[in-house]
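As written, the chains take the letters A, B, C and D, and residue 1 is the first residue of each chain.
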């Protein structure tokens, strides 16, 4: 019985690339966290210490910086496709390259009612993500694009119930007709193809659709909310083939104020850190 | 030579209080992280294990929840003053009570161009802070209010220089006429008094003033920017007696792309994590 | 073209279970972070808001606490197998249950050269992990056990090179015969079966084997080190069928002290946060 | 009424200095996080943008690296004193320099029962700290040394009570004769002088004294434990003039298992994240 190398990949993680567009006095800023990795036949590096097929992670970092200038960053997806294609061209042993990006949004600072030309404040709120996998070269090249967002904190102060659930001997949770529903959403959606998509517009549409579906649909469980949000995205955005969610159920526990002679009709809650429910679901186009 | 108890205080830290106002269908949410502490003559608890003068931190937590309902949270400052006053009433051994609050802002989710009644998304961006110290009781009561914000990420893509500095044998930094200036600002400002201040309005004014001063004033160093921002606040807000800053200089290092035949005229930067400059300064009304 | 529910699972994450064994005056402590999740036919909860098949995550949490007492925690693996089996018994719709555990080690405080009976200090260093998946019931039950560790910080101050690598136009990294090699290792190993394994002993053996292989084997790349470490584990521990690693290459950059007339022969380094190399590899028994 | 600059300081924070001693085949590693800052008359930099008196934070960083080689790091305190003295020599406007250090401990990896020459694993457990303030120059130089530790997690599974406390209308906490007492200690101690102290030995003595006092002394409150620990340090270490603590009371809540017909006699606890008690106290030599 032998021992051998299994699945493997390598790359440079979390290169913090900031690209300023300053062709006019009105600057733009693109703020990225870029991670890249290569898969392929890198067994010699592992089993024989032979690096001749290994494009250093330092080179991957350099390329990320160079491409931010030479190719620009029209969108994280466009930039990632260019980077992934480059890595396959430069690295004969690689079968595929993956580029993972987080983008942090900055707003212009308002001065006198208008956005300033070169002064910005970071927006906060959700981080935009993109994971692009480029496989093959030339005519055989295929590109898989998964866009997403994370840290989208959502809360409904009513319009959420949880009842009628399965009970066993360890069940103590009371049923409720009205509770706070809160989460910090991670969503990832795969596009059906990589051509003809306006990545920035599609991102905005998906985010707005998620927010509206969360807000307007009554929730009988976080599971149902996620499903309805996913359906809404697939119905609204033809280019999206699949969307998946990871959503903590951020428990807001009603505080018992009765010992102090105070009624608490859904007004005062303790926001707990841990444990939290964790609901994961995907919605797919058949 | 003897050994004795020195300065001491105790309290409950980081109680996560969420208050929903639901008197009408249009809910409001106040999301707080509340820390409280008492100072006074608590030597018996330390040196003799005698808790008879110690109001438990658990009681402090309960009071924070109860007051969120019974007193409400018009502003973190008002709420903190009420809490601090209560702790002194309940705890004869305490000479002063401090209440420290972080407030997380939530925006209504937009649906059809209007904010939803009961669905919210957390805003991100700066966290509002308040530190209130109540000392004495009744006619002897004094209240000190220090408002603030933290995690306000600011960046100027031009309009910042750093040159003419002191050099010694360990200096290698080149002078620059144009750089990125970026920080994640912590600001704290003390109000001259605790009566007659519209805390929420004052907060908004200070934040807007800080942003505008950062944006519009040329910077010869982060030190100068902070001073100008502080001056602007004191000039704009009569109620503010003093403002202090802690500001990391979040270095954005220009990437050398010349090995790749690419010119980099202030367009591609590496955002470094550590080390960072740390500039601390206060501006005071004489 | 239709839209339907895809892969999904739900559970309770990060329940912090602390179990004290106090049958004698010499206490023992087991400190766990427990996450559980169920997979199966939960489509009704998503698409129809029907919770009748959903065992609440709150019940999962309760069970984790109850089993810590009634079944005890001989090892995280034993405890996880019991929990997973229980969840399948209690939840007819579930096809499988996964229990993920982190264990934090505590040492007895030394007093007079001996470990104290009931006073402990947390050890620090690597966190022990276990991921157990129970599928099926009764005779059809199968159990998959993946043990692991994370946050194992390792560093070699010599005995590491990186040279002979592939170069392209974006390569600037110099080759080196001697460098610091440092990582914060994540390792996960799958046992060939779930019966007859002394989980605690096996964990100790794997950890010791990883440490020794890292220390004693010359490194021509982090890839080679991981492969050698994985081989050593498979050679030493017959019960391990496969081991996988995620290892950041925590760059320690030699500081150029020549501007100050100081030679730096591998003595002073800057430990960088980001970016970092990220090497992932598995070693398998054929 | 005028506006003027108040208290201010500036410096470089969190320079990650790793010093390898490799004069023999048996290497040693010193792993530091170094922050430096200067106070003095830096008003011109703030109010007039004049940097001529400002030694750049980049230079402070360079000096930290250079001194790690040229002066070495016998202890964080020795190194910090050398650095602070240098900064005052190089910076005429500075009245004082503060150097703050965190040190991360590494252990030799055991191979065949002996520690390896050049392979290490990070110890975990408490981080050693030092804050050194150098004021004045030459004969007027004074040095204040505050050593410390943080992240020292301690837990007693019995030998702790909390009862007899003050009650008001918001008190619901039951009294207890037996509970878990747990904290993650921050301790800082000031030495009476800066000469003639063996810093490393003194640190070890203080840490061991804190651990033993925590373990062996019955606790009627965390306040009493801290006081007893502080007393023990002052009684044991003549060179320590004062010690202060910040200690979260990391609540371990007994889980109610009675709904499941299970008795829980101090065996199963939920370790809560927030809120936590926060006890701060100092013990001083008169």
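Quick note on the criterion: a contact is a pair of C-beta atoms (placed from the backbone, for glycine too) under 8 Å apart; a residue touches a chain by one contact, two chains touch by 3 or more.
Bear in mind that the values here come from a model prediction, so they are computed numbers and not experimental data.
Between the chain pairs C-D and A-D, more C-beta pairs are in contact across C-D.
On a Cα centroid basis, the chain most remote from chain C in this structure is B.
Centroids of chain C and chain D (each the mean of its C-alpha atoms) stand 29 Å apart.
Centre-to-centre separation between chain A and chain C, using Cα means, comes to 24 Å. Chain A and chain D, compared by their mean Cα positions, are separated by 37 Å. For chain A, the set of residues that touch two or more other chains comprises 15-16, 62, 66, 170, 172, 259-260, 273-274. Remark: chain A residues 1-16, 35, 37, 42, 45-59, 61-63, 66, 90-91, 162-168, 170-173, 220-221, 223-224, 226-227, 230-231, 234-235, 242, 244, 248-249, 274-286 touch chain C in the complex.
Residues 15-22, 27, 29, 31, 62, 65-66, 68-70, 106, 109-111, 116, 118-126, 152-159, 180, 211-212, 214-216, 252, 255, 257, 259-260, 262, 264-273 of chain B are the ones that touch chain A when the two sit in their complex. Listing the residues of chain B that touch chain C in their complex gives 169-170, 172, 259-260, 273-274.
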